[in-house]
Amino acid sequence: MLRFGIIGTGRIGDMHARIIAMQPDAAVTWCFDVFEENARRTGEAVGAKATTDLDALLGADDVDAVLIATPTNTHVEMILRSAEAGKPILCEKPIDVDIERVEECREKLKAFNAFIQLGFNRRFDPSHAGVKDGVANGEIGDLEMLVITSRDPGPPPPRAILEDCGGLFRDTTIHDMDMARFVMGEDPIEVFAMAANRVDPVFAELGDVDTAMIVMRTPSGALCHINNSRRTNYGYDQRVEAFGEGGMIRSNNHRPSEVTRYGAKGTATRDELMYFFIERYRAAYEAEIRDFIGQIAAGKPPNVTFEDGRRALILSEAALKSYQTNQPVKVDYT
Amino acid sequence: MLRFGIIGTGRIGDMHARIIAMQPDAAVTWCFDVFEENARRTGEAVGAKATTDLDALLGADDVDAVLIATPTNTHVEMILRSAEAGKPILCEKPIDVDIERVEECREKLKAFNAFIQLGFNRRFDPSHAGVKDGVANGEIGDLEMLVITSRDPGPPPPRAILEDCGGLFRDTTIHDMDMARFVMGEDPIEVFAMAANRVDPVFAELGDVDTAMIVMRTPSGALCHINNSRRTNYGYDQRVEAFGEGGMIRSNNHRPSEVTRYGAKGTATRDELMYFFIERYRAAYEAEIRDFIGQIAAGKPPNVTFEDGRRALILSEAALKSYQTNQPVKVDYT
Amino acid sequence: MLRFGIIGTGRIGDMHARIIAMQPDAAVTWCFDVFEENARRTGEAVGAKATTDLDALLGADDVDAVLIATPTNTHVEMILRSAEAGKPILCEKPIDVDIERVEECREKLKAFNAFIQLGFNRRFDPSHAGVKDGVANGEIGDLEMLVITSRDPGPPPPRAILEDCGGLFRDTTIHDMDMARFVMGEDPIEVFAMAANRVDPVFAELGDVDTAMIVMRTPSGALCHINNSRRTNYGYDQRVEAFGEGGMIRSNNHRPSEVTRYGAKGTATRDELMYFFIERYRAAYEAEIRDFIGQIAAGKPPNVTFEDGRRALILSEAALKSYQTNQPVKVDYT
Amino acid sequence: MLRFGIIGTGRIGDMHARIIAMQPDAAVTWCFDVFEENARRTGEAVGAKATTDLDALLGADDVDAVLIATPTNTHVEMILRSAEAGKPILCEKPIDVDIERVEECREKLKAFNAFIQLGFNRRFDPSHAGVKDGVANGEIGDLEMLVITSRDPGPPPPRAILEDCGGLFRDTTIHDMDMARFVMGEDPIEVFAMAANRVDPVFAELGDVDTAMIVMRTPSGALCHINNSRRTNYGYDQRVEAFGEGGMIRSNNHRPSEVTRYGAKGTATRDELMYFFIERYRAAYEAEIRDFIGQIAAGKPPNVTFEDGRRALILSEAALKSYQTNQPVKVDYT
């Protein structure tokens, strides 16, 4: 039985807490949030103590591991305090939107032998993982092209969230950067990005973009394309397509049902896509938790590491710099 | 170069004539119709002589073969006169809607060594033929169940046509009876039919039905289901599904394009199905003509025979009798 | 918080118990099984007391409702004892394979005001329910044809289970009979069945069949086809297709992922279908439990009733009688 | 009746000739090729005179229009001589692989009032045209992203052909550049390309590439991605996906049949894609001819112009330059 303290019980933290509570070999024992009602709401739902005092959670005997789901700009602090308290950590992505702070955190972490898993949930999606597995098993020979379609539904997040999110590349594309690394099994070494403001004036006002296309290449010469949008009227569009000498493997979108409709205005009409990550990646979030529990139980290191989080951010930075300078950017991971 | 005389240049005959005219090794030289303007219209389109005198066509030196597409109740006469004239025959289905007349025709044909191919065009459809080939090649082992969905688009044909068509079973189901025999490679020995009037009052007025479900079995114990409707609002629904120990092979509907649409009211929406047989089975009609030409050129017998036409009608009669008596009907092909 | 006693903790009962344990507003407090280790295994997994004494469970204060998942031939006894104990009941299908015993049970139940929900889980499947909802909402106008494909994966169940299961029609087709009633919103009044032995000699040895095709009609003239097999090599094939004047709504199979593969031997290849009911109907079983909890909480009667179970069995009996007599069978529900 | 002279009766010219011969309102009267047997082979197939003397064809009274399908490096000469002869021209793409020669040709053409249609056949494909029409009709609002997948089957063309083809960007990508302009309704103004050698050493030996990814942007801020490969083991992969505020329209691949297979190793398996352009774009080539005939008959200008050919080449040049310099390239069409 792995007992979790949830650090941050907003929307995502609350979701994680409820998933953990359903696991036969895990439980939530503590919930922390700076807003007391958040901590209490989640705590009651999962039978856990609620607190606004982080030290109470980190010092509790009945906390074997923590899940960090606070606002992004507090992740580094939470990681360091949890590491200091000796708790295994599952931390939502990104580590931080400021690569300097990530590097500092990395330096400080050297003092601890911390177990830190980054929350790249999409790696655990059965469809995307099926693509990764097929590529890793050599089904299509050497990977030559990877096409990632990743478009959020609308409307865009509230302005307050957009202001702190780091912008499209660090907030959204970062997931696709991780997916690219995951499926390709190689780190991209050069990135070029084009982007535009098409969705909502708020993005331009914040100096951000809402629509983007990226191309990257790896040392082996594999090419990768990512396209992003902040607004999709048919749901959350999430696809991965891997191409090589031996063929192609694709992961397609998930829908609430397998119903199809035929009528005078069209045939084979399917449901709208699932709305957003909470619905679309429900199974992935559960598989992520199970993987975290399993690695700890087995005494093994995490399958998604701090370094994975750092490298995805470095790639997001490279995409942003490419967009800003209108030049391809070489990626330096050292 | 095989030179055709077209006997009957209504809608179907005209279509056949134009397809023949496109073949590099075939031509239409004569067009016969009782309505002079029909004969002339098609004749002009394909560069052929037009006539209202059947003997002129049957006696012409530049007619190597005939295609019969006159009204069904004249097929027997046209077959016998063409056979007497020594011309290879491609005759539209059905031979006749009256089984007695078919038996008489069969008897009289014994006097000739006629080449007669029946116009079961669906056998030549690349998708349905793909199912047949897969079954014949043993891909699914012994065939255990066959499900045929065969629904005409609406509106129903004009009353005048319905009056002479022989009713749903002899006019429409007969195609599915042939498809069942074609894919199963066995003759059904027992038939049960349920039917209803759901589409248009005209069917009940004529003592006909517009909606039907049939089950049949073969000597080996394979089972077959056919469902028919006279009105489908999303196009011409034509599917064949073969099931056996080794799996399933299905032929699905054809559409004008491979466009899919995604929007707020549904995703993956495809075109409506092709409207009716002229559009849906265009490739099949051409393959049928090519098969006819090829068998004659090779000095081989037809691949779809008078006997195929007779047996499909016997099965249609059995379905009708089953519906009328509400009893399963054993089929006697002798 | 609704506290369940699980009566029978074999494979299905164990699955139900684990699903109940995950619900925030439900818990399993008692597990009964005649095999002590079964009761204990499930009890430990969900934090419930284990017993081989049914009275202990039925008499417990902390049991608000029971779920019956014992062998079919004990369902009637379990229903009556639970009803006598005043517990709301969720009972696996069928009530019994002997219609006489079902009628007796029905008679005896008149003494109690029992809440009994029958376990027709497929009604709660999001895809099949989507078809039902579309039909009920008038999307396709009057229903004219319903086609139900329902094929179990192989290998067939062990002989011991087959001996007591009541045969294909009462064990498997009964689900489809319920689906037909559910989607059509009408009770079929006539049934005709063909069947065969194609899958395994054990079925013939037991006087049972393994492959079947059924047609039925309702008072309004709607027609229904069901096809069944005891062995499908590509997984559990479960489809429902409703056709009417306004179009068609279909529910298609579910798969573990949305991966598609393209290679030299074929394109668009999808996963095998989910293996069997535990995997395929996982979401339906959970929705069924939620519906049961919700109706009790709201003080409303069950959505799937004892009478639904009785009528589905009457239809299964009719199909069996039709097969045995090779005659259509009129259905009498009184 | 529009009478064609075919200039160049290699593989493509022969295909065009046969398609023209099938049109009721067109005929092939002359076939020219420098290889006499080519001219004769096609001439015999379509009932046309064969010649190795281009002047004979261009001077013939019974030639109303010409179709140019000679090797690319002779297109300019053939266009100019045909224009001088006053014949309407349908010329295969590209005009030339050398933009200087195209500009010269453009200059010289000012002396004639020539009808010149460029052979961008894909514009006439019913699926791609469906995407264009949907976008043009405002179905998805303003276009925001366009993704073009365009991968040739293998093996690569013979070395001799590759040597003269102008390289991947001018030979293959040029079709996608035209498709981008066609669907977007705007000219891209900036292009960035990454490319690699993954398929066959011959490409590197020739200083060419075999795998490429491109991103482009238009004045309105719409983004476009193109990916290309010279070798696809599952057939000719040709897809177009347009995305905007109102949704997405996609054109998918065509297959020889609508057969799907289900078995123990996978389900829903479709045929391999059609092999290459002759098979995949058969309907498009016919629609292209019909459009050419129709515009001439109506006295209207061509729907695909010399300028379209020039602009697609300018974009291909920009992609090549971007790849060579590893810099985004601004496009100048003046």
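Per-chain residue numbering starts at 1, and chain names A, B, C and D are given in the order in which the chains are listed.
By definition in this document, a residue touches a chain if its C-beta (ideal position, glycine included) is under 8 Å from a C-beta of that chain, and two chains touch if they have at least 3 such contacts.
Everything numeric in this text was worked out from a predicted model, so none of it was measured.
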Counting only C-alpha atoms to place each centre, which chain is farthest from chain A? B
Residue numbers at the chain A-chain D interface: does the shared fraction exceed half, giving same, or fall under half, giving different? same
Where chain C and chain D are represented by their mean Cα positions, the distance between them in whole Å: 57
Measuring from the mean C-alpha position of chain B to the mean C-alpha position of chain C, what distance in angstrom results? 42
Multi-partner residues of chain C (each touching 2 or more other chains): 233-234, 246-248, 253, 261-264, 271
If we count contacts the way the header does, which residues on chain C are in touch with chain B in the complex? 142, 144-145, 147, 149, 151, 190, 192, 194-199, 211-217, 221-225, 227, 229, 231-234, 237, 243, 245-248, 326-328
In the complex, chain D residues that touch chain C: 233-235, 253, 255, 261-273
Chain A contacts chain C in the complex at 18, 22, 24, 45, 126-127, 129-131, 134, 139-140, 246-254, 256-264, 271
